[in-house]
Amino acid sequence: MELVVNTLAVARGGLTVLEGVSFVLAPGAALILRGPNGVGKTTLLRTLAGLQPAVAGTVSVPPESLTYAAHADGLKAVLTVEENLQFWAAIHGVGGVTEAMAQMNLTDLRARRAANLSAGQKRRLGLARLLVTGRPVWVLDEPTVSLDVASVALFAGVVRAHLAGGGMALIATHIDLGLAEAAVLDLGPYKAKAPVAPGGFDEAFT
Amino acid sequence: MTALLIRDLRLAFRAGGGFGLGLAFFLLVAVLVPLGVGPEGATLARIAPGILWVGALLACLLSLDRIFALDFEDGSLDLLATSPIPLEGVVAIKALAHWLVTGLPLTLAAPVLGVLLNLPGPGYLWLVASLAVGTPALSVIGAFGAALTVGIKRGGLLLSLLVLPLYVPTLIFGAEVVKRGATGAGVSVPLLLLAGITAGAVALLPFAAAAAIRVNLR
Amino acid sequence: MSLWEYANPKKFMQVSARVLPVVIGLAGVSLTVGLIWGFFLTPDDFRQGSTVKIIFIHVPTAMMAINAWVMMLVASLIWLVRRHHVSALAARAAAPVGLTFTAIALVTGAFWGQPMWGTWWAWDPRLTAFLILALFYLGYMALWQAVDDPDTAADLTAVLCMVGSVFAVLSRYAVKFWNQGLHQDSTILKVGEADPIAPAYYVPLVVCIIGFVLLFVALVLLRTRTEIRARRLSALLARERLA
């Protein structure tokens, strides 16, 4: 299964921000999305994850094969690290909580409540959630925010292992993850030309 | 699904908040009304069914905005919406969790407050029965209102404005059951109508609420 | 050409610009004729005296208070199914008009009830149902106000309108059950039955009803045009911001 995105157009707040976005992601491959702030990276990723409808274009895989991780980690402060992961594992019907904690270096923190984690540790926990979804395509929005250098390297290793297992990753990021093999897609050229209001309101008086 | 229910219950118990507050509010209503109305037993006995139902309804309203807002803020709702569980199921489970931590305790506490308000003897059975049948509707309707207002900052007041008119039929039939029960009249008609509203709301509103959440996540 | 072409904002603006003056004129004529006829050229009732003439405002506004909600429900369904923006804006435009009619019906009802029943307000099922209807209008309008994104607001209010309609009907039957009431049944549809409304009142009443229907259509058209202009303005501002 490969991920084919064909002439996708996405809108934020009713205005098209990106159009004609096309790329192919083969199993085992990663793609880094770049572009200035506000170009529509988050909007594109949310559209791929099925959280909002596309304006035009097609995505070859259903949203059920994708999992999405963004700025908000979806962690509950009063649950422990292990409980947070166990919940998402149960929701997705897969196991592997222990392995996920080991891979993201969280095993020592397993009984600690998420409220008492540092920002970087929370981030690691949020990313460990990806491992208990069992989904092949990871859609990541700035995954390395508040991670230190060692943790970035750790996470790059986790992504590489996921790719080696036939997974795919689509990462919007500003920093160098150290994934030299990943292709890079600059979203700048896909910026929508003239934003057109939907429903024909632009032409209502001409 | 069970995992979601367990998580929501765990969150409710560990974070305190909503669970105890609703009961405390219900108690306050039952204490304040006699202070305002006066201590005459006959007056209190006559208004007790209505006061108890209005109090339970308002206590239920207090914790509605927490059903989805917390999950929306920390991103869980995005992740639940993209999870294998249908969003309709998420809504139903969250409404059930809300009922278990508010509606059920209110139902169980209501007879004690009935004593404070001098509720006539035959009314107690029907008070508990009507609340047990009616409060699930309050939770589901409330979940629908919470789904509509999930993206709105400080939507609490708006939520009340949207939900209270929707509570009218439940309140009328619920209080009617207790009123008739307390005077020994037949209760089967309002009780069945109340059950009908609950059944209809539980069956249909999760779909409307899920649609509203999808719109709000866009 | 399909009927839906008129749902295009541009087409709607063109057509409504021509239709609106006609509707306003007709509404003005029929309201003037109906109200003057009703107020000055009908006999006093043998029991109710001249207070009976409140009927010429009370009945049409009460009918339109309900019909406005039905129109909003239809417009909301059209928006949800066909995604015509004009439809959503028409539903939005109708809500304050419907609320005003509801308020007028309640106030004129109070004026009527005071001499007839000896009280300004009674928890009569019809009165109560109208009060609840006013609450539904308020909630609907508040939701429109509270949501920033226009399409999101249109979707959410459309869902609220559908669910609200079901609960409004339920509430109507619930309050009937709750209290049998003082208010007489609707008389307007009883022609041909026993105890109908007198013909001397019937004809001017029908003229008034037509007048209020036209007034409603005129107000909704006018407000929808304003909403379209507001959307056009925000589209231009958004474009400027992005450029």
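We just call them A, B and C in the order they show up, numbering each chain from 1.
To be clear about the criterion, a residue touches a chain if its C-beta (ideal position, glycine included) is under 8 Å from a C-beta of that chain, and two chains touch if they have at least 3 such contacts.
Here the structure is a predicted model, which means the values were calculated and not measured.
With chains as nodes and touching pairs as edges, the resulting graph is complete, every pair of chains being joined. The interface with the greater count of contacting C-beta pairs, when B-C is set against A-C, is B-C. In this assembly, the chain whose C-alpha centre lies farthest from chain B is A. Closest to the middle of the protein, by Cα centroid, lies chain B. Chain A and chain B have centres, each the mean of its CA atoms, that are 37 Å apart. Computed centre separation for the pair chain B/chain C is 32 angstrom, with centres defined by C-alpha atoms. Distance from the chain A centre to the chain C centre is 48 Å, each centre being the mean of its Cα atoms.
Of all residues in chain B, those touching 2 or more other chains are 218, listed in ascending order.
Considering their complex, residues 46, 49-53, 63-64, 66-68, 70-76, 78-79, 83, 86-88, 90-93, 129 of chain A touch chain B.
Within the complex, the chain B residues that touch chain C are 144, 148-149, 151-152, 155, 158, 161-162, 164-166, 168-169, 172-173, 176, 190, 193, 197, 205, 208, 211-212, 215-216, 218. Of all residues in chain A, those touching chain C in their complex are 13-15, 194-195, 197-206. By the touch rule above, chain B contacts chain A in their complex via residues 2-4, 7, 10-11, 14-15, 71, 73-76, 78-85, 217-218. Here chain C touches chain B in the complex through residues 132, 135-136, 138-139, 142-143, 146-147, 152, 155-156, 159-160, 162-164, 167-168, 170-171, 173-175, 177-178, going by the rule given at the top.
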